[in-house]
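As structure tokens, here come the structures.
Two complexes come next, and they have one chain in common, chain A, joined by chain B in the first and chain C in the second.
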Partner chain A sequence: MSQRQTPPGVSAAALERAFAAFTRVVGEQWALRSEEDRRTYEDLYAFDAVDQHIPSGAVAPGDVEQVRALVRLANEHRIPLWPISRGKNLGYGGAAPRMAGTVVLDLGRMNRILDVNEKFGYCIVEPGVGFYDLFDHLQRERIQLWMSAPGQTWGSVVGNALDRGNGAPLGEHAERICGLEVVLPDGDLVRTGMGAMSNSDTWAAFKHGYGPSWDFAFTQSNFGVVTKMGLWLMPAPEASLSLRMKLPRAEDAGWAIDALRPLRLQGVISQPAGIGNYLRDAAVRSQRQQWHQGEGAMPDAEVQRMIDTLGIGWWSVRMRFFGPEQVNAAKARVVRDAFAKRTRIEFEEQVWRSGEPLAASGAAIPSVSGLRLANWMGGQGAHSTFSPVLPADGALATAHLARVRARFSEHGFDYYGGFTLGERALIFTSGIIFNRDDAAMKARARALFAALIEDAAAAGYGEYRTHLSFMDRVAQSFDFNEGALRRLNEKVKNALDPRGIIAPGKQGIWPRAYPETRR
Partner chain B sequence: MSQRRLIMIAAAAAATLAFSQIACAEEAAAPAAADSAALYERQCGICHDAGGFGTVMLERRVGAERSVLAQRNDLPPAYVRHVVRNGLRDMPPLTRVELPDADLEAIAQYLQRARQ
Partner chain C sequence: MSQRQTPPGVSAAALERAFAAFTRVVGEQWALRSEEDRRTYEDLYAFDAVDQHIPSGAVAPGDVEQVRALVRLANEHRIPLWPISRGKNLGYGGAAPRMAGTVVLDLGRMNRILDVNEKFGYCIVEPGVGFYDLFDHLQRERIQLWMSAPGQTWGSVVGNALDRGNGAPLGEHAERICGLEVVLPDGDLVRTGMGAMSNSDTWAAFKHGYGPSWDFAFTQSNFGVVTKMGLWLMPAPEASLSLRMKLPRAEDAGWAIDALRPLRLQGVISQPAGIGNYLRDAAVRSQRQQWHQGEGAMPDAEVQRMIDTLGIGWWSVRMRFFGPEQVNAAKARVVRDAFAKRTRIEFEEQVWRSGEPLAASGAAIPSVSGLRLANWMGGQGAHSTFSPVLPADGALATAHLARVRARFSEHGFDYYGGFTLGERALIFTSGIIFNRDDAAMKARARALFAALIEDAAAAGYGEYRTHLSFMDRVAQSFDFNEGALRRLNEKVKNALDPRGIIAPGKQGIWPRAYPETRR
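Moving on, here comes the complex of A and B:
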């Protein structure tokens, strides 16, 4: 059992006094201080020793007034808080704070679905609402709207959008945010956009309101605690059409990206298209030891044997269309024609019509079964993802792919990755899967992650989202004018939060109160 | 049983089970102690029903016949409490916010009842 960690500069006695005050707000049941409680908030997939990100405890408010009271007390007692929604940001730090000793502000009890507006296609939800909750609500009430969700859907609708997570069917979830309620670091309460009018009906229908637009300033941010979010949902479509193509060679990714880019830019493909490598299929269906027993990255011959046995491609290209059946069919025809100019391989096509089992529709049906990929290496599995943003250009992507694959081999890992194509840029995702029982492998995983950051930054590719352990380094790679963006972020941070009590260090934004903690 | 559970059971079953077995799965999840069964389904079923992540991991570790928790007969409440709060291998621990003590107790008792 480890000694209780306190925040920097805070004595054990001062922490006790703060917790006594917090407890008067939330009650004994929701002030969580035991060793066992603290351990439930640690980062399961930590690259470092878990104690580098262990909280000193957690408090769980039940409503926004309790959040405001806790934030004011945190100021008074100078105790940093780490807000979480449901704490399931697995692979990016989970529920754990950036700075050890920070108190987790667990918003999981605030789990009301406040409004679902079928007519205008939006919902307003609290941070504790999970994808399962929202899905069940839409189904139970027979609301003709679909949500979008990431591959692992254990987490929070609000938390995922605030972390600018991606998912299906809609892609970038932050783009669907429309209106926030936020407790500011001084305890003030603000609503953004049209919600700033006390009698507006368009809070979750019109994004920007009047004057500066603040919603995005509270994503990947430590400027406040989001307590409500408006989020756009999609109308349940009358049909969907999925296209999937298996490509046999690593170098096929380049032309596929070049084929897809104009289709994305023109809007023929209106949702992100994915290109994933063989391991994205193999790791959820098997374990490495079934294919290869030795150390180091799997040899190419073994990889090919696995691909052939499982009947998968080196790459799999996937996209789906939603809407009227004849529109989907017309779009699919345009895509097939574009690919036919480059390959004789045909798309596998699957059509779903409203009323048929939803499982085949492409709707976001909550599941955590994809987590089994973490067990690829055996032992206690862990994973994280390195995801820089590149221009949506085949030659650039394949050149960087060569660098990434070389780094994976050099560090003894099997390459896991792919591309998610936006309209102009792509997210180049590389997953690092490791066995956290194996200290040497964990060290190699950390070294690989660091090398990938360096290589990407050298090419001018910045990461869109990252794990706790690399937040500072990735922030440093945004280096224009000697880090002017960091200076701006920290000026805003210090103005809003002079005592630095909300999520110090998140995304590499360090308040003046913790100057020594950056690394 | 929620629509999601029905859909997921149907999806998992499509590959491996005949239609008649889907009906059995629905019946098995609707015991007399409806509240604790529903609680188990909501909090644990996402991973521990047929086809779930936890079930697949358990199948790899202890075999298919012991991989679905609700069908096990060797899960004393104290063990369930310990695993939920401390995690076990690929299963993360659950906080007292996500699963309050009273709910954990009901789930532990539900799994105990499944044994009797």
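Moving on, here comes the complex of A and C:
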């Protein structure tokens, strides 16, 4: 067993004293200090030795007043805290802190659904509420609202939105945030937007309120601990219509992006459209060893054999419309007409009507079956996602795809990825799947990730999110005026959190208190 | 002539020295110090004596490096600056600063349209670019993009969006902001979002970037001086379809709001829908004296006579769809069906197709003819807008309408206003129109405004924006945890701007440097 890691500059005895104080707030049961407890919070999908991101313990408050008390004590004892909601940020670091020795502030016990307003289409939830919880609540209470969720849904509704996660049907979940309650690093409690009026009826109904608007500054942020979130849900539609098309060649992504962009811009397609490669279909249905035994990336011929055998496309293009049936139908006609100018392949269309089984509707139904992809390489599966943002342009996207695929091959990985089209830009995700028990493969995965960052930065493409191990590196790639945005972030960080106790190093933002850990 | 007002704690000689330094940066021509210059920046629509918001002069930089130099000098000389774009924030204070003696930082000379990207549907503009300029540019270059603009369009594209102005076709313009360049109060220069990567192609194409997202924190804000803005435009549609309905009674607003809300929530109506009262139609076409001679609000019988004579409704409900004709038609059918369950009145429908005269399209075409409304009361017209946010609920809206109308009558004003429906909330605007040469009427207008704030706060409704004279009062109404949001704003303000030089008092945010002016 490794010796207990303490935060930088904190002795084992000082940590003991802090935990004694924390325990008086939350009780013995919720001050978690055993080796087993600590391992619960490690990053299972770590690129590095897990001890680089191992906490010195965890503390789990039961309500906002306990959070405030813990934050005040952390200031007093100078103990850094890493807030997590449910800690399922898989592929980006899970529950683990950026800096070893940081104490995890586990908000999972704060799991109340405080309000679901069917009329206005929103909920107000605490960080511990999972997608499963929210789904079950909506079903049980027969509330005619749908949530949006990522592919793997065991995480937190709040945590996912704060980290700017994507999902279906609604795309970028942070865009649905409307009003936060935040414990600031000094223990003060603020509500943003209209919630700053104590008797407000519109906290979760109207964004921004009066004066500077803070919600987005608390996303991917270490400026405070979010304890409540208003989030916009969608009304359960009377119908949905899905369009899906298989495209046979890697190059087809280019024209498909160019066909989709004007439809997204006009709002004909109002949810993100996805273009995913063959491995996104194959990896949840099979393992690599069924198709290929050797080292290195699968050769093109074997990829083609797999595509043919599984009856999948090189790409699969998917979109869905939700709403009145006649509006969905009119939009689908416009999309089909636009694609008919580019290809003879036809969309597979599926219409769902309210009352039919939800499985075919496109509603977010909790599932973690997609995680099977992690088993692709065999052994104990792990994955991480590299996700730069590109203009929604076919030629740029296919040019960068070629660079990315070459890097995957060079490092011996099968290319897994695709494009999620926003209105003007696309998120180009590439998943690195590796066996976490294979140290050499893990090292190759890390080298691949680093190379991808460099390639993207050279092309002018920044990541919108990244794994703990690369937070500093990605932050460095945002280099305008010698890192002016980082200076702004750190100036505000130091003002709000002079002792640097909330999530030091999160997204490359380091408080003054931890200069030695910097970059 | 009044004596020159200096900023608090600044002697006339110190102000002279500062202006001498400013002049070395911008040249004699752009350091504006005469009485006539100062009067150019006063608030023509002031509720108070205009001298409460009179600047001690103005300085007009020609580029971002001059802005940085001026900001550094302002720190050195401790001179507060009030940045304006074009200063046409009429009804909210125009070009005038919150605190008398503040020097106006007039960004009107920085009027370059730096980029218009037709493919991705955005522009990057400087603060001096007016709606007229942008419209002319798009027309002249035959760019197939449309802007969105407020009713009166002589203002700045940037200034309007930063103040969270609304307009057509796109509603809340701040929602279209994508990437800012900001001179911070210490003279540092930051670019937000993806613009924080120096070679980024997606600055104005993808919102938020990496880490905490700052764009919204610079709206209605005094944290910096915005010098460039990415803004999303809409593609010129192939068609538009407008629906308009006159409703005969004040009570009709209730069911109309309840009919519209689910259509907004579902996205059938994707732009804000407006419900405006008779005076919004009558005041641009006539003056009060044509209908009524006496003091006090027009009696109901005369209002009805005016409505009948002009052939307008008590309310006019308006919405418009933009896009492929068949999609617009399908949406309009859904709206008509929903309204048919509530009324026998039918919508007037107008279809516009690309190539037909733009006037009928719903495109934002610059105009200030709407300003005629200010002449309603006779004399030198002025107006101000009271704009609380309510849940999009018919019963709540009509109940609050009754309170507001009673206040208007009580203070002797004719009710002017309506509702702009967002997806979950509505902005309930009431315009107070007064003769600025009539001191007694002006005093009544002020008293009415104050009463409206109190009534709204008591009901839990906060304003999303307000006039200089009421910025503190509205800020006070955001009272959660004894003004926690103000504490957060002021903590960040003091960290970024320790000498308090940028827009002290803006939206009730006062830097430490000006405690004496506080509230």
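Following the convention adopted for this analysis, the second predicted complex is superposed on the first by the 519 of 519 C-alpha atoms of A that agree within 3 Å, B and C clash if a C-alpha of one lies under 4 Å from a C-alpha of the other, contacts with A are read in each partner's own complex, and residues count from 1 in each chain.
Operating definition for what follows: contacts are C-beta pairs under 8 Å (C-beta built on N, C-alpha and C of every residue); 3 or more make two chains touch, one makes a residue touch a chain.
Only a predicted model underlies this, so the values are computations on that prediction, with no experimental measurement involved.
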Contacts of A:Y210 with chain B and chain C, given as first, second, both or neither: second
Partner chain(s) touched by A:R342 [first = chain B, second = chain C, both, neither]: neither
Touched partner set for A:R512, first chain B, second chain C, both or neither: neither
A:F478 touches, of chain B and chain C: first, second, both or neither? second
Partner chain in contact with A:R24 - chain B first, chain C second, else both or neither: neither
Chain B versus chain C as contact partner of A:N494, first or second or both or neither: second
Contacts of A:R353 with chain B and chain C, given as first, second, both or neither: neither
Contact breadth on chain A, by residue count: chain C or chain B: C
In the complex with chain A, residue positions of chain B that touch it: 2-4, 7-8, 10-11, 14, 42, 46-47, 51-53, 56-57, 60, 85-87, 89-90, 92-98, 100
Interfacial residue positions of chain C with respect to chain A in the complex: 119-122, 164, 174, 178, 184, 188-192, 194-202, 204-206, 208-221, 223, 232, 234-235, 237, 261-262, 265-268, 270, 322-324, 326-327, 329-331, 333-334, 389-393, 396, 422-425, 457, 460-466, 474-475, 477-481, 484-485, 487-489, 491-492, 494-496, 507-509
Chain B-facing residues of chain A, complex: 29-30, 32, 36-37, 39-41, 44, 58, 60, 86-87, 90, 94-95, 106, 108-109, 132, 135-136, 139-140, 154, 287, 357-359, 365-372, 374-375, 380-381
